[in-house]
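Here's a structure for you.
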Amino acid sequence: MTRLVELALEEDLGRGDITTLAVIPKGLQARARVVAREELVVAGLHLFEQVVKRVDPAVEVTLEVDEGDMTELGVALISLRGSAASILTAERTGLNFLQRLSGIATITRRYVERISGTRSRVTDTRKTLPGYRVLEKYAVRMGGGTNHRFDLGSGVLIKDNHIAVAGGVAKAVRRAREAAPHGMKIEVDVDDLVGLDAALDAEADVILLDNFSLDDIAEAVERVRRQAPAVVIEVSGGVRLDTIEAIASLGVDIISVGALTHSAPAVDIALDLQLDV
Amino acid sequence: MTRLVELALEEDLGRGDITTLAVIPKGLQARARVVAREELVVAGLHLFEQVVKRVDPAVEVTLEVDEGDMTELGVALISLRGSAASILTAERTGLNFLQRLSGIATITRRYVERISGTRSRVTDTRKTLPGYRVLEKYAVRMGGGTNHRFDLGSGVLIKDNHIAVAGGVAKAVRRAREAAPHGMKIEVDVDDLVGLDAALDAEADVILLDNFSLDDIAEAVERVRRQAPAVVIEVSGGVRLDTIEAIASLGVDIISVGALTHSAPAVDIALDLQLDV
Amino acid sequence: MTRLVELALEEDLGRGDITTLAVIPKGLQARARVVAREELVVAGLHLFEQVVKRVDPAVEVTLEVDEGDMTELGVALISLRGSAASILTAERTGLNFLQRLSGIATITRRYVERISGTRSRVTDTRKTLPGYRVLEKYAVRMGGGTNHRFDLGSGVLIKDNHIAVAGGVAKAVRRAREAAPHGMKIEVDVDDLVGLDAALDAEADVILLDNFSLDDIAEAVERVRRQAPAVVIEVSGGVRLDTIEAIASLGVDIISVGALTHSAPAVDIALDLQLDV
Amino acid sequence: MTRLVELALEEDLGRGDITTLAVIPKGLQARARVVAREELVVAGLHLFEQVVKRVDPAVEVTLEVDEGDMTELGVALISLRGSAASILTAERTGLNFLQRLSGIATITRRYVERISGTRSRVTDTRKTLPGYRVLEKYAVRMGGGTNHRFDLGSGVLIKDNHIAVAGGVAKAVRRAREAAPHGMKIEVDVDDLVGLDAALDAEADVILLDNFSLDDIAEAVERVRRQAPAVVIEVSGGVRLDTIEAIASLGVDIISVGALTHSAPAVDIALDLQLDV
Amino acid sequence: MTRLVELALEEDLGRGDITTLAVIPKGLQARARVVAREELVVAGLHLFEQVVKRVDPAVEVTLEVDEGDMTELGVALISLRGSAASILTAERTGLNFLQRLSGIATITRRYVERISGTRSRVTDTRKTLPGYRVLEKYAVRMGGGTNHRFDLGSGVLIKDNHIAVAGGVAKAVRRAREAAPHGMKIEVDVDDLVGLDAALDAEADVILLDNFSLDDIAEAVERVRRQAPAVVIEVSGGVRLDTIEAIASLGVDIISVGALTHSAPAVDIALDLQLDV
Amino acid sequence: MTRLVELALEEDLGRGDITTLAVIPKGLQARARVVAREELVVAGLHLFEQVVKRVDPAVEVTLEVDEGDMTELGVALISLRGSAASILTAERTGLNFLQRLSGIATITRRYVERISGTRSRVTDTRKTLPGYRVLEKYAVRMGGGTNHRFDLGSGVLIKDNHIAVAGGVAKAVRRAREAAPHGMKIEVDVDDLVGLDAALDAEADVILLDNFSLDDIAEAVERVRRQAPAVVIEVSGGVRLDTIEAIASLGVDIISVGALTHSAPAVDIALDLQLDV
């Protein structure tokens, strides 16, 4: 977190803010409010605060809502009081973080709401912006989603290429179980029902149904629940807001959605400044 | 650039790739192709290459297209040859960069095409993801756009708060001109036609029409061209693909679009691996 | 890895090697051999190579054994050829890495050999030297051990304090299962047989018998195998070379040993230099 | 120091503490004590404090003993009060530092005590863990030892290879004296009494008797004291707790011991947490 | 700024201050004053403060003058109160910053004073010490000068090689105007009056007269003012304290002086310490 | 070294070279020569090379002279061949390093030449630019000088404040000798002949005559040579080119000169580019 804040400030402020330096008197005080300009789920308030404090530790920052709150248009998320110059200088960098992370939380919430009441949960993927994984996965949680494995070292996911090389799914699962930390489940990605049966025979702990049709998902769920009820079923591949409900209704455990992170649009948040006079 | 690649690899691979280590024999060779799965404008090939080379300098990487090329669905962007394990390990991080930057280049190209033949050019803003400004502004150029000021230290942009504090736009412009490097033009952001007239009187070099209606833009262009033909006219604020053409037709010089960077969805790009047998 | 090599060279060579600069002519060539001065398991050859190459990329480095090999006293691990000054300058830093990591691999191998043929495997802990976790866990694998969770974010381990706060092990396990990535097993640390029964009732996936007597381990194994045969049993707490065999004979799955990393003595490795004349 | 603390926290906590996040309520307060579980010499309290403060600046940390103190089993070294979650999260990383540095201080103290009352002092070597030299040499001082040269740039030590290349010890000493800062003594490493005489003739300031027998040390001390009483005599090579006394009794000035740093076992220190109820 | 302070402290104090540690009791308190030992313009007080605070946050630091103040010999710039050891340890690093930056501010002031009352302003160049550009350009401003472009990315300056390659100054200017952010003026470096005329025809915004004689400057100013009164005229090349007045009297806008940064001698500043007794 | 090169390139090129990108075709090849424009001693060629290679590894760099060479006006120091754009982009940063370090080497050489044939040697101080100590001390050696202690941790220098606190020079020397590594000489700074006598009595190894008059230096040398011939005599304080000869003639060992580093003007070096046509 800290490294990105430093990168960001260096990037935008490393050479100073020429306009503010030239125009705004040093001592001038102001109040400001960071305001939602659309309905959104908040994530990243602490990053905004960290940006402001790095620019000027004397600015008072009050968080007006909690992380994960859903807010209406017009709601103040943060109040600021302090040097007008400092606030103007920090504004863009702070908003850039807040708008991105709240964007992810907001879209995640929409997916989560669609399937509330089912046994399924919405999960992210590793399709995150390089350097932002910790932050983006945090935003997904703020939106009510859960996280998939953090990185290549914190989970096992055996895909078709791994299986081809290993000489079959049974061998691949066995090798992974021998080598991986004993706290990790072994997950196998399957492309069709034949692959599913092989994964079940290989005693995979989690099975990922990759780009399955709704009919095949239904069939897969039935086979798994009958043959190995402890196995976790994940669905992935092109899941959209208008398709997730149908998938969840089939009784899968996990629905993972790359778009939560790779294509979340920024939400609209602005800073309103009021000079102390 | 290099620091983000390091952050990204550390993030995804810092603890190794458990699955690949367990399952893929070290010496196994493969070929792979990075393929566009939709029509897109390419940006970020060199980042993909850098990621692969950091994982394993022995993998051969051939760039099959040029940065900025528009490609069809199915076109191979990059060919790879080398260790299967290395390619699988680098895949996700490389694609995460490439899909984001090509996403920005692709959406930029759409805006640019809409106004080709007019005197207007499409420009980005400072609404970039913290840490990614150099890369995102590069992607905008690959899409045919041009860049606004890089940071707060490389351009002057006087906004309403600056003007209020300075005691009028004339004073703000004068102070900025005295303090800024002599190679910078002085840009003033105006909210209405009254502000425009004041900015013209203050001898601003560039005037930004902020959230103007089409009618007001038309009126503003006429006043500027008549009174100060050397002044550059920029339009900003909620510009969309379906509104940019009308704006450009009014003869403005610059149309800046925050969505080029803050809300560009990732484009779909995949890696197909073929084992050497 | 790279950051530690840089830290290390900066630390020892940042201000140059005064003796070598003063005494050794720049062009003088030499051969050298890195030799085991006791029986040991090798880990860290690539770090030695990296150190030498950072000091002088022109020195030829040949690895004479493989990582994980057990070697006799007197065996050459690495051969070097190139500038005498460069080799002498890199010597100590390279050896410091190699002696530490091979020390860990060597002691791990001794534990592993004691229990070969049983169903138990030897595992490390998080008691690693800060900054060295990736390297020390790698050395454990080279010695034939397996790794426990890498960090606090890649595994769940519920201890007594967690249970007390949560209001019982059942609640703690349930909360963890809801929040953790679906690929992680839920491990519970228990101090006695009462705790064991509670953990079984709570449907923990892995149970850690913490500082149990041999009798209690035997009883615990019996209860687990009867009641929940899929549960993984781990033993930890003061395990020594002379006690591990008895523990393994009771049929546990995992025996974790902090001393593999926190108290492994360096093994004796030296560099013999021969000037080219 | 700071860089290692950052490396360490990133390594263990970079992705959060899943168990604590899931199970421990945010606001829950606790007290905790860091307790010696064996007799030891304390070193590294400030690193423990730094780790805790980086995790949560609001935790109160009270150091109950001084660096360099010898403590009994059961003595509290540090008291903590604050968020239970923060304390549990920081625990392992803080202890890893403290157990390592106190381990070095403790073993150093044992060597120092063996030769108290003699003119000899116990000194470390450059056989430290890469990246830890400042900390390990500090721990040696806390144990009552003194430091050898910090790095290759802060002292001159002419070894056999330097002598061979230079064409004799006299030439090597002369060149070193011309090139080195005038505040550095010139030290020569000798393998036998012939080497000793040559070093004396070359007017070395310090002579290191490398792997000498007790008889040869005795003879060497006599020759040096007679011929060049200002010369400092150092002994090195496989010195152990059970041999150091005999060496010191011969009247040498410095006894350097690689094992102080390269093979010091961690001492046993634990954190006891008590929830505020 | 912060990174250089860290580099500097690591460089001078990374291994501790042996003399102070050995000789100065930990608790000893002192007062100290940082005093100008010649007439100078102050720049860098905050860096001195930052250095002291990094060494020991408990030392009280009072800045007695303002940045940019001109002070007499004997004036106290900073007062300190706190640990004698900390003050002595921080002294040299803090002074090294302060003497360098005040050196630049002082020499800049001399140039600025020579041409006060004219329309010309004194500007720096990119001939700064690598890593110090932000600080050195800041010091120039404290001395009353203004800054040229910060880096290659924040201004356009077309030189003879660019013109030769582009096939003429007109083409070069046009390409630059198309590619550069719209807020940048296009500056052209010319070697003689022929070049000047070409630059004027090409509609350059700023023209740099490079190593012109006084007569040619006079002629150039006349041509520019007649033909393109909005064009900014810069003079550069071997400007000295004894020549700047004549140049300014010709009516140019900008006089840039490399020596402000590349050859400013340090000014004499000392720290006087008084022990509290 | 590497970190400063990175800082420098980031600083000047982090956002690209707008002019070159706009005007110079990518493929265009050129030759260039780095030429001395005054008589100078060369230092820093490898930094120039490193800068060029970081910008573009494909540019061929040939060093035409050796570090430490004295060259005439007009001599080529480096030849380059490769991309015109790359060479132009790297030019300023490379020259900034080379002009600074050669400036230090050149002024050092002048001091050294003045006293050649005497027993004195010219030494630097810790008055170096923060972050540049390694490089500046290297440049001093290239100019024929020798180095004083590198930092506060690699040498002991007892000054008046240390003595006052310790309760006399004898106590200060004794404490320092007990605490410092045994390879360090103990140096004492004295302000007058009374101090000298005390330092001699305290058995200092090196005595620094601080701001002594020529008469007092002569007297001091006589006393030291008579009473303690092994003691090294250093003179410091406002030494200038026109005073050093007189000081050296009195038979001191070391003359240290702060101006070698804190006030060395840059030497004039330029890059001449020739396009391949």
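Here the chain labels run A, B, C, D, E and F in written order, and each chain numbers its own residues starting at 1.
The criterion applied here is as follows: a residue touches a chain if its C-beta (ideal position, glycine included) is under 8 Å from a C-beta of that chain, and two chains touch if they have at least 3 such contacts.
Small disclaimer: the values here were computed from a predicted structure and weren't measured.
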item	value
Those chains which touch subunit F and also touch subunit B	C, E
Chain pair with more C-beta contacts, A-D versus A-B	A-B
Label of the chain whose CA centroid is most distant from the centroid of subunit B	D
Centroid comparison with subunit A (C-alpha atoms), farthest chain	F
Gap in Å, rounded to a whole number, between the CA centres of subunit C and subunit A	33
Inter-chain centre distance, subunit C versus subunit D - centres from mean C-alpha coordinates, in Å	22
Gap in Å, rounded to a whole number, between the CA centres of subunit F and subunit C	45
Subunit C: positions in contact with at least two other chains	14-16, 134, 150-151, 153-157, 178-179, 181, 184
Chain-to-chain touches, reported pairwise for every pair that qualifies	A-B, A-C, A-D, A-E, B-C, B-E, B-F, C-D, C-F, D-E, D-F, E-F
Complex contact set, residues of subunit D against subunit C	3-5, 7-8, 11-25, 28, 84, 88-89, 92-93, 95-97, 99-100, 103, 126-134, 151-159, 161-162, 164-166, 172, 175-176, 178-181, 184, 259, 262-263, 265-266, 273, 275
Subunit F to subunit D touching residues, read off their complex	121, 123, 146-150, 153-157, 178-179, 181-185, 187, 205-206, 230, 232, 234, 253-254
Footprint of subunit E on subunit A - complex, ascending	14-16
Residue ranges of subunit A touching subunit D (in the complex, touch as defined)	134, 150-151, 154
